[in-house]
Amino acid sequence: MVASSYLLFVNGLACKNPKDVKADDFFFSGLDTPGNTTNKVGSNVTLVNVEKIAGLNTLGISLARRDFGPYGLNPPHIHPRATEILTVLEGSLYVGFVTSNSDNRFFAKVINEGDVFVFPHGLIHFQFNYGTKNAVAIAALGNQNPGVITVANAVFGSKPSISHDVLAKAFQADKKTIDWLQAQFWMDNNN
Amino acid sequence: MVASSYLLFVNGLACKNPKDVKADDFFFSGLDTPGNTTNKVGSNVTLVNVEKIAGLNTLGISLARRDFGPYGLNPPHIHPRATEILTVLEGSLYVGFVTSNSDNRFFAKVINEGDVFVFPHGLIHFQFNYGTKNAVAIAALGNQNPGVITVANAVFGSKPSISHDVLAKAFQADKKTIDWLQAQFWMDNNN
Amino acid sequence: MVASSYLLFVNGLACKNPKDVKADDFFFSGLDTPGNTTNKVGSNVTLVNVEKIAGLNTLGISLARRDFGPYGLNPPHIHPRATEILTVLEGSLYVGFVTSNSDNRFFAKVINEGDVFVFPHGLIHFQFNYGTKNAVAIAALGNQNPGVITVANAVFGSKPSISHDVLAKAFQADKKTIDWLQAQFWMDNNN
Amino acid sequence: MVASSYLLFVNGLACKNPKDVKADDFFFSGLDTPGNTTNKVGSNVTLVNVEKIAGLNTLGISLARRDFGPYGLNPPHIHPRATEILTVLEGSLYVGFVTSNSDNRFFAKVINEGDVFVFPHGLIHFQFNYGTKNAVAIAALGNQNPGVITVANAVFGSKPSISHDVLAKAFQADKKTIDWLQAQFWMDNNN
Amino acid sequence: MVASSYLLFVNGLACKNPKDVKADDFFFSGLDTPGNTTNKVGSNVTLVNVEKIAGLNTLGISLARRDFGPYGLNPPHIHPRATEILTVLEGSLYVGFVTSNSDNRFFAKVINEGDVFVFPHGLIHFQFNYGTKNAVAIAALGNQNPGVITVANAVFGSKPSISHDVLAKAFQADKKTIDWLQAQFWMDNNN
Amino acid sequence: MVASSYLLFVNGLACKNPKDVKADDFFFSGLDTPGNTTNKVGSNVTLVNVEKIAGLNTLGISLARRDFGPYGLNPPHIHPRATEILTVLEGSLYVGFVTSNSDNRFFAKVINEGDVFVFPHGLIHFQFNYGTKNAVAIAALGNQNPGVITVANAVFGSKPSISHDVLAKAFQADKKTIDWLQAQFWMDNNN
């Protein structure tokens, strides 16, 4: 069909009628509000993506505030559709990412106020507040809908559960350990 | 600078002089050879990417053979730069992938000879031969250099190791368990 | 208009409501069934694209099974939106592609079971089973809707017909020959 | 959600049902008609984009005719989504573009019938007919909806007006000058 | 490897040192010179691509002048990497393109001075001057290196030749006809 | 040539040998240091792009700190290759952007600490600290080399100067005014 020569089969959100677009379609308020870090990982991510700012539709970028309580961790996770660049506003963080097979090299660094660190597209990475004071960071992501996959949650907290035969073999652990892990409460620190 | 208006800052492999290109630059041999599955996970991936076929440079696709011994597992992994589409040539596989936060929905299915299954870009997925016979599959990946991140290897087998404080908190496990996991031998079943 | 700053004017298929997505939206069955090769070219292509697997929408990849009877030919064709990478499962094939003007270099090779060959994006290529045994191959294409243009069919079998003045001049043939060619039955071996 | 793994959040115009597509969906008539240059800048742009030819949807290209009266100017402007390549059909033009900060180098040239000039993506550029005869040019743009931002119009003719405090400081001019400029009639020579 | 997370394995021409870039790097002269149409097809294409204008590197667009003698034909061809948009400067042309399998619909139209027609990416198309006067057109292509595949030349004039067994079967012709066609002189009207 | 079928003619910076990549290749320090705003516009931009962090090569994102003294202005400018998303860390800003022709709609808003605002790709925008206190903001840009075109600098401060005939006509001003503007010192507040 002719159409198949210009149908790229890409899809997306509907845009408003341009006539109805307002400045507020490009606006979001509240990134100065600390996120609630009283949770198992002691951290909180406030993501400002296309669901929060309609005007980001197709523009390929989003922003996030990261709050860390003492020993707070933004656990190992992946953004399937984005690179992340982060800067520390307050406190110190131990950050790192691991590269692809077969090297699986771990790149890590302690970063302080005003430091910037990059987490390349699709790699497992984390940020950890190893100290007793709070930490705050701002991160930018190269997609209006970057997605977040918290590794432990996806592996041990999926709904329904992945067969423990699979996970026991993958993690070289006995099935009891896997069952125990799958029985935990896995919360998402992103909102 | 003018250049900055056309320097996209994208980089890659060098191409041969077109005059020197031969049919063999688009050729690879040996995908009919079963991979060696006598390893901890009982599976083997033979990836045919741009490192094996120079002519794939920039063409955005690659191929892989997957061999599974009895109970062989291609453990949960991610392709940071590719969607995967797989078809079973022999045997049966229990396959699945988990979606992003916060749902982390697990989509799984038993697929048999001639069945095709898709693993969307950047999501954690696996294939498991739950039976006593061998299984073989062919997978295509939407990048000439898709990359593979075996979750357990990247998390527990990185070089150097990720701090056990981070992993204990992330996986809701005690540090001894993490230390034990990090002490295991983590092999890459891709080659 | 503001919208014009984010309306990329790209279009596509509608996605299902994520809540309604099922594993079967990523699944297709039957690629182990030999295609019917009792036709003029003695070959058959079973394409698994976004029309067969809705979940491929936007994911940029598809798969195809190729069956060849004795002397079966997948005639010279083009994929306007994809590179192809093919591997032989059974038998032997004489494969090739021709490059752009002005060289029009022909790259060809006989490939056997387990061999892999790449047909770069947009180039005319074919696969021919020059032997008396059946041949089977699996091909991957770098687009969920790659499109197929069988050269002879598009040129001599279009609906309506291209003026024979045009084709006679283009193919350096007399109009009778063109008329005869246009009078043939041109079937599509893709389905 | 799974969907988020294939929803790229790109959006666009609706395509016609392929069955209903006609040759006229790829056709536009009238680019031989000189545009009316009796306006303040003495030039006229007739843009043939996706709004004029529905079949251009997603195809990433458009065409424009440029007419210049004596001393006619296509004033400094930007195409936010396209590179421009222009050729002169009649007369002579003084053309140029300015590069990004901090160099802001100005590249200019007088081009005559049959000359071709490129204006890289996103840079401020103009064409000026410094002579007493008419001039005509054809330009191609690398987007089906390239967009045009006439610098003076966007800065001094926006609706509503930009605060004169901002513009006085930006242009190192007193507010009276800015007010005077904002009071002018700013017309768009594109149609 | 980390690198694999940012090596996209895309490749290209080297850019000049921005300091050395001159206006002439964005300039080409001579598109007003009629091409020589005294050849078998009676047409001539003067392509202005990145080989003619270095500054087009990565900018995704190029331009071409098309000259047609009486009954001159720009024979059925494909641009593997570009959509084409064409406007007639002089004379009349019978133009058309054929869509993908299985429809292979032929869209055609007679276009005159000032008419514009679009040939979607990757489809077989042609332009024919069915009259006794010369015709001239300007075409824009959505790639700085669009490539041209003249169907008859690639099929019957490749170097070396495609086996006549393949072509006889593909074109439903006897081998003598194929041999005769392959014996012709196939010239490229693009330069 | 075959190469032309995979040479996309995209170009960029050279990558380091992956073996030599270090964590510091993804690191930058000093974004907590206020920029010097004692200049004509009273603002300062500290851009962290691929020139500052080599590891950003090809990753499509960058970060910037914006400092504003009292009445400090980040004057109307364009990023030819990026959308911008900004959040206020301290103080208040009056921000806005103007859309393409022919509407040239001006979208503006006063944003305070914790507010986020988006400036779509390629549009003219500014940020103004209309108050007596300092203001600080962090911006993310969707390209590792976004480029900055300060409108007034490019138009009136280019090297060499644009002919005052062109600018007088474009800005509806007399040549004396243009000459005066071109005689000013135009500084770049980005570094």
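To keep things simple, chains are lettered A, B, C, D, E and F as they appear, and every chain counts its residues starting from 1.
In this section, contacts are C-beta pairs under 8 Å (C-beta built on N, C-alpha and C of every residue); 3 or more make two chains touch, one makes a residue touch a chain.
This one's a predicted model, so the numbers in the text were calculated from it and none came from an experiment.
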{"item": "Type of subunit D:subunit F copy interface by residue overlap (half), same or different", "value": "same"}
{"item": "Interface copy of C-E among A-F, B-C or D-F, judged by whether over half of the contact pairs recur", "value": "D-F"}
{"item": "Chain whose mean Cα position lies farthest from subunit B", "value": "D"}
{"item": "Separation of subunit E from subunit F, taking each centre as the mean of its C-alpha atoms, in whole Å", "value": "39"}
{"item": "Separation of subunit A from subunit B, taking each centre as the mean of its C-alpha atoms, in whole Å", "value": "21"}
{"item": "Subunit C, residues touching no fewer than two other chains", "value": "1-2, 4-8, 10-12, 15, 21, 55, 57-59, 80-81, 96, 99-100, 103, 105, 107-108, 120-123, 147"}
{"item": "Partner subunit C, residues of subunit B touching it in the complex", "value": "21-24, 26-33, 48, 53, 55-56, 59-63, 82-85, 87-89, 96, 107-109, 111, 113-121, 138, 140-142"}
{"item": "Subunit E partner contacts - residues on subunit C that touch it in the complex", "value": "40-42, 71, 73, 75-81, 94, 96, 98-106, 108, 121-124, 126, 128, 130, 147-163, 165-167, 169-173, 177, 181, 184, 186, 188, 190"}
